[in-house]
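The letters A, B, C and D name the chains in turn, as written, and every chain counts its residues from 1.
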Amino acid sequence: MVRYFAGMDGKKMNEGGRRDMDENVRKAMFEKVAQEEFSRKLNLRLVDLEKGFSRVEMTCTPDMENIFGMTHGGAIFSLIDVAFETACNSHGTVAVALNVMITYMASPAPGSTLTAEARELSCTRKTASYDIKASDQEGRLIASCQALAYRKGIPLPFLHEK
Amino acid sequence: MVRYFAGMDGKKMNEGGRRDMDENVRKAMFEKVAQEEFSRKLNLRLVDLEKGFSRVEMTCTPDMENIFGMTHGGAIFSLIDVAFETACNSHGTVAVALNVMITYMASPAPGSTLTAEARELSCTRKTASYDIKASDQEGRLIASCQALAYRKGIPLPFLHEK
Amino acid sequence: MVRYFAGMDGKKMNEGGRRDMDENVRKAMFEKVAQEEFSRKLNLRLVDLEKGFSRVEMTCTPDMENIFGMTHGGAIFSLIDVAFETACNSHGTVAVALNVMITYMASPAPGSTLTAEARELSCTRKTASYDIKASDQEGRLIASCQALAYRKGIPLPFLHEK
Amino acid sequence: MVRYFAGMDGKKMNEGGRRDMDENVRKAMFEKVAQEEFSRKLNLRLVDLEKGFSRVEMTCTPDMENIFGMTHGGAIFSLIDVAFETACNSHGTVAVALNVMITYMASPAPGSTLTAEARELSCTRKTASYDIKASDQEGRLIASCQALAYRKGIPLPFLHEK
């Protein structure tokens, strides 16, 4: 049997046990995303964060529409990108995006609230890869992503800012 | 909660119930893959097929090695591609590859037997997308893929060949 | 010799001759992008449009920064996405994104003006693919994309709105 | 103006001047590919190699056909993969594939000779990215790829084997 995700070994990753995530890292990440202007511009909200896992939400508003009146591909990507960014930095060391492949499955209805979940598929010393899925409030799949991060191996610069 | 795969709704896709796959299509697909010269060249074996799901195996042999003595990226891709090909044609109508993104996670040990599983993420009238993972006999993830097919909407040409 | 882009046959695509693009389509596309709220939110400017080619600009501002103070991956993607969107709709019929693969090469300096150019690699009745590159004002490559569109075969709905 | 490829600065990369590639590396790479069993299985021939550039050929034979009698996606990928492998190792240090995105544009006619050209888009200390295109003998685009390599920073192990 092929295992799919880190954490898909019977223990649920994002429920109950906190899987030993550093509380200082979690707190700092929630603060930084809340302050990130780009995330605020798109109403992106980090709602859950574990080691190698992140969940981010976005409500589709009219100012995110493209020339056809549908939610912009750039907005859906940004939702996914913030889930990716927070999941790959959840280890407490700096990770940056190398590349992302996004496939669009369906267009969200106006006013939908979308949820993106990023799950770590693998993590080595220098790279880590993620499966990221975005769905609407009815569980309909909106977009699916495969993303690769480069791990710099240095602590998050904002960890001890205060 | 984000649903991950068609069929991940409590009912296992590839065990027990056959999920109403057409037996003529299944039989024809197994025969065609067994006859496919490219698959034979790489010892690729279709081992399970359901609607929107496929499992294919390959044993890594020395004649698949690259210039560094590791299993060739082209061989691992081919394993995944046959899982993709059979899963997207499992509906009984012709589907062809539009694109495939493969991420390599680990290099298989010499002599490993790899298993690729393709799962349908979405299926519309004209396109269908798949998540495909390859792992070794110990369940270690070797490669992960996201693939998109174009559905021609015509019956498989070899369905009623005899 | 491998030909790289539609139009790379000696005739420059976006200089001189207009390559028979429909002026009504061009005018309508420029208007729609100028009105698109998402594009305005990110200061995206369509600057050139031909059949199968588009050039879009964006100036990196502090409100586009991520948690590390670098231009957000979602902002760079959005720049590229608008180049893609306009290039694939330049034929005058509706095309929508199937998938996009983005690779990040370098992080732009604060205040940079980025230019994304989308070029059509192939165009069939139902799909079309694009190579899209984003660079800064010094010609340094920031990101490279490969994107696939589904062509619905219906006229742009806003062509004869007035 | 966006620059597209390393080397697209007026100086042609693969004609005339050899762009200072190490002759020992070139000779070793040609030998290794000629000995690579997987390449021989698919009749893959390295025909040109420069720093950051490679050209590989393959003639489509009936034993490469898929269940529809078309050249197998795995064979076309393998052609592209060998161009990628040789281009990213042309610097004389070990590079391995992180991921590859392939888009299929057209199906080659039976008996076609395909040429894949890999061009380096960027090269940093730890990663390098490539644009790879495969075309048939008439210059028709068959497939387009974007590929990313991890650079280990150690010399090619087979450089001084004798």
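Throughout what follows, contacts are C-beta pairs under 8 Å (C-beta built on N, C-alpha and C of every residue); 3 or more make two chains touch, one makes a residue touch a chain.
This is a predicted model, so every value here is computed, not measured.
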Separation of chain D from chain B in steps, with touching chains one step apart: 1
Most distant chain from chain B by Cα centroid: C
Which of A-C and A-B has more C-beta contact pairs: A-C
Centre-to-centre distance between chain B and chain A (centres being mean Cα positions), rounded to whole Å: 28
Centre-of-Cα separation between chain D and chain A, whole angstrom: 34
Length of the line joining the C-alpha centres of chain A and chain C, rounded to whole Å: 25
Contacts with 2+ other chains: residues of chain D: 98-99, 101, 103, 146, 148
Residue numbers on chain C that touch chain A, as the complex places them: 29, 32-33, 36-38, 41-42, 62-68, 72-75, 77-78, 81-82, 85, 89, 94, 96-104, 157-158
Chain A residues within the chain B interface of the complex: 1-4, 101, 103, 105-106, 115, 117, 121-122, 129, 131, 133-135, 139, 141, 144-146, 148
For the chain B and chain C complex, residues of the former touching the latter: 98-99, 101, 126-127, 146, 148, 150
